[in-house]
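Note that subunit A is present in both complexes that follow, paired respectively with subunit B and with subunit C.
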Partner chain A sequence: MENQAAKELLYKMADDALIIGHRNSEWTGIGPMLEEDISFSSMAQDKIGHSWALFKILNKLGENEPDIVAFTRNAEQFHNCQMVEFPIGEYNFSLVRHFFFDLAEYHRYEMLEDSSLGDLAQLARKIKGEIKYHVLHAKTWMKNLGNSTEEAVSRLQGSLNELYPMALGMFEPSPFEDQIVSDGIFGGESELMSKWRSSVMEIIDQTQLELNIDGDWNPLYGGRSGVHTEHLQPLLDEMSEVVRTDPAAEW
Partner chain B sequence: MVDPGTIDPKILDILQEVKDPEIPTISLLDLGVITEVRIGENEQVRVEMTPTFVGCPAMDYMKRDVENKLEQNGYSDFEVNVSLEKPWTTNNITERGKKALKEHGLAPPPHLEKIVDIDILENVKCPYCESDNTELQTPFGPTLCRSMHFCHSCKQAFEQFKPL
Partner chain C sequence: MESLDPRVNRMKIGGFDGELHKEAMDQLGTYEVFLIPKDGKPLESVGPVHASDAEMAFVFAKEAFSRRFECVAMAVCPTASIFPSPVSEADISAYDLVTIPAETEGENRQYEVFHMNKRGKFHKHVGSVEAIGDIDALYKGKDEYGVDKPKNVWVVPTGDFHFNAEEDSDLWATLPEKKYRDAIFYKAGEKIQRYKESVNS
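The block that comes next holds the complex of A and B.
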C-alpha cells in the first residue's frame, strides 16, 4: 500500500496550502498597507496554485479531479492542520502564522526535492523557488516589527505564544511515518520539525521576541485525521459557494 | 531557451508571434515558457511548455494560444504539452526577452545564482532612468512574476520581473 502513505502526505500538504491560501486571500482589500495587501493576495494565489498541483498528482494516483476534491469534501475529510483554518484575526496573528507555516513549507519542499515519488520531487524543486519569496517576506516583517515599538513587539509576542502550539500541529506524525521514510518518499515529520525549529529560532534571536521552544507546549493535533475547529466548515461552505455561483471562477 | 536544432525555422518564426498575455512585448519563446519545439514521428509538431509560477492563472490560455497559432498557420498535426520537467527560471529569458521587458517598463531580472536573498531585490536598476538608487517595496507585485520598487532619482514606482 505504498500509495496510501503518499496520498496521506499529498492530501495534508494540498489541504494546508488550499486553506491557508483562502484564509490569506481574505486580506485582499483590507491589508494594513497596500504593499501588504498585495503581498498576502499574491502569496494566497501561489498557495492555491500549489494545492492544485498537488491535487493533480493525487488525481494521477487515482483520486478524484482537483475541483471535486477541493470543493465537495466536508470538514472531517480535510487533513490540514488546525492552525491554517483559524480566522485571519489581527495582522500580527496572520504574520506569525505565515512565518511559522512558510518556514515549514520551505523545509518540507526542500526535503522532497529528491523524493522517490517523481512527480512530487519535480514539483518540490519548482515550488521551493517560489516559497523562498514567501519566507523572505515573513522574515523581513518579523525582524522589522520584532525590533520596532514596544507595542508591536508585545503584540507579536502574544501571537507567537498563541500560535506556537498550533504550529506544532503541523508535524503531527502520520500513521505511515515509518513507511514513508523507508520508501524514500519523505524524510518524516520529526526531521522536518527539527529543521523548522532551528530556522524559527535563527530569526527570533535577531529580534526582541522570545520563544522557549523546549517549554512544556501542548501541540494542537487532530487536523491530520480530520478533527477540526468550528472555523473550517463555514470556510469550506464559502469556498464552494463561490464555485457554485460562478462555475467559471478560475483559481 | 529553445535549441533551434534541425527544426524548420518557419515554426519558430510563427511561435515568435505568440506573446505573453500580460506583457505583450515579449514572446513565449523569449520568456522561456516554451522549452522545446521538435518534429516527432510523421512530421508531428511537438511543443513543450512550462509555467512561470505553479499557480500562473494564464497557463491554459497560453497553451491554447500556441495551439491556435499553429492551426492558423496550417499545421494540423501537433501536440502541446505542459509539464515541470524543465522548470522555468528567469535565467531562461533571452536577451531579446529582457529588452522586451524593459520596453514594457519592467526591470529585467538579474542572472540568478543559487541563493535568493533580500539583496537581489535591493538596488534594482530603474527601467526609466537607469538609476540604482532604488528601494524594494515588496517582493510581490500585481502578478506573481513581479516585485515592486521605488526609484529615489526619478521618484517613480516601478516593477521588476523578479528572479526565480
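The block that comes next holds the complex of A and C.
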C-alpha cells in the first residue's frame, strides 16, 4: 500500500495530460489560422511530454514502463477527468476547455513545487515555463475573443456554461486526500479549486462573459475512479493503433 | 477560361478585369518577430505573424519562431513600425542611399537600429539612437553604426516593441530538450536501408 496516495495523484495527472494532449493534437492542420495551429499543436505535444515525465516517476515507484502504461490500458483503467476526453467540438469548446484545464495545471504544478515527492517537485519546477506559456495563450485568447464580436462572445459563453461542471470534475476529491496533504505531497484538491476559481474569474471579469461560480452546478465526477464517457475508448483505440499492430515498432 | 491563379490575375494576363484587391479587414495585420537565440547574441528579426494585437502576436510568435532551436528572449512590433532604408548592392552602404532630408521638427524619442549585413540574412540589432523622426533615425544610425556598411537598415521606435518580461525567460527553459521537433533528430537512414534490403531480397 506504500505510495498509493502518490500514485493516485500521479496517475490522474498523467492521464489528464495524455488525453488532453491527444485531443488537442487533433487540431493539427485544421486550426483556425496557421499561427494558432502551430501554437495549439506545440502545446498538445508539451502535454504528451508531461504525461511521459509523470509516467517515468510512476515507473520509479514500481509501475510499468511509460509506453506500456500509456498504450495498453482500457478506458476503465484511466483516471483522467471526463472533461478532457470529450471530442474537440468547435474551436470555442476546445479553447474554453484549454482555459479551464491549464489554469488548474498552473496552480497544481505551482503547489507541487515544494512537494515532499522530490521527483514531482523537480518536474513542477522544470516545466513551470511551459505551463506559463499555456496559460498566457489561454488567457490572451479569452480576453481577446471575450471582448470582440457578438458571435465570439455568445460562442464562448455557451462553452463556459457547458464546460464549467465538467471542469469541476478535475477537482474530484481523492480517497487519499487527507493522507496526501498530511504527507506533504500535495496541498489537496479543494485548495487547488479555490485558487483556480479566483484565476478563472480574474479573466472572466475582464471580458463580456459571465460565469456564476457560486451557482448550483453539478460537478461531472467519475473519471478519477475509472468511470468514463463513450468518447474515451475510441480515443485510446486510435492512440494505441501502432502499438497493437506492431508491439515492437520503433521510430 | 478564367484562371484562379492569383499570380496570373494580378498581372492581368488574358485581360482579367475582376477585383484584385482583398476586402478590407478580411485578415489580420502583421507583426514582425525578433528573438535573442542565446545570451550575449543580438536581437534578430526572424519573420512575421498575423495577429490582432501585440499580445496575441507574442503568443503566436513564441511557437511559430521558437518551438525549435534556441531562444532566450523575444519581442514583436507592428510591421508598419519598421522604417527601412533602401537596399544596397556590393560594397555600398545602405546608409549612403538615404538621400531624402531628415525631419526638422518632432519630439526626440528612442529608436532601435537593425542591420542586414548580407542579402537574405536576418536583420540584427546594433544599438539605439535618439531621433526626431524615422529618416532622422537613419541618419543618426549612420553616425553611430555606419562603419559596418550594411545592405539594409531598419529603424524602429523603441516604444513600439512588446517584449517578454525578464522573469519570463523560463518560457524557453525546456527548449534544448525538444530536439525531437527537428528532422535531424531522427536517424532513419540505416533503418530505411535495412527495409530496402528486406524488400529487395
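Methods note: the second predicted complex is superposed on the first by the 239 of 251 C-alpha atoms of A that agree within 3 Å, B and C clash if a C-alpha of one lies under 4 Å from a C-alpha of the other, contacts with A are read in each partner's own complex, and residues count from 1 in each chain.
By definition in this document, a residue touches a chain if its C-beta (ideal position, glycine included) is under 8 Å from a C-beta of that chain, and two chains touch if they have at least 3 such contacts.
Keep in mind that this is a model prediction, so the values were computed, not measured.
**Q** Figure out whether A:Asn144 sits in contact with subunit B (first) or subunit C (second), or with both, or with neither.
**A** Second partner only.
**Q** Which of the two partners, first being subunit B and second being subunit C, lies in contact with A:Trp52: first, second, both, or neither?
**A** Only subunit B; A:Trp52 stays clear of subunit C.
**Q** Have a look and say if subunit B or subunit C is in touch with more residues of subunit A.
**A** Partner touching more subunit A residues in the overlay: B.
**Q** Tell me the contact category for A:Ile127 with respect to subunit B and subunit C: first, second, both or neither.
**A** both
**Q** Please work out whether A:Leu220 is in contact with subunit B alone, subunit C alone, both, or neither, and reply first, second, both or neither.
**A** Neither partner.
**Q** With the two complexes superposed on chain A, say which partner A:Leu232 touches: subunit B (first), subunit C (second), both, or neither.
**A** neither
**Q** I'd like to know which partner A:Ser42 touches here: subunit B for first, subunit C for second, both or neither.
**A** Both partners, subunit B and subunit C.
**Q** Which positions of subunit A sit in both the subunit B and the subunit C interface?
**A** 35-36, 38-39, 42-43, 45, 126-127, 129-130, 132-133, 136-137, 140, 251
**Q** Subunit B touches which residues of subunit A in the complex?
**A** Touch residues, subunit A against subunit B: 35-36, 38-39, 41-43, 45-50, 52-53, 122-123, 125-127, 129-130, 132-133, 136-137, 140, 250-251.
**Q** So in the complex, the part of subunit C that touches subunit A is made up of which residues?
**A** Per the stated touch rule, the residues are 28, 49-53, 55-56, 59-60, 62-64, 67, 168, 170-174, 181, 186.
**Q** Under the stated contact criterion, what part of subunit A meets subunit C in this complex?
**A** For subunit A paired with subunit C, touching residues are 33-36, 38-39, 42-43, 45, 126-130, 132-133, 136-137, 140-141, 144, 251.
**Q** Given the complex with subunit A, which residues does subunit B contribute to the contact?
**A** Touching subunit A from subunit B are residues 53-57, 84-85, 87-89, 116-118, 121, 137-144, 148, 162, 164.
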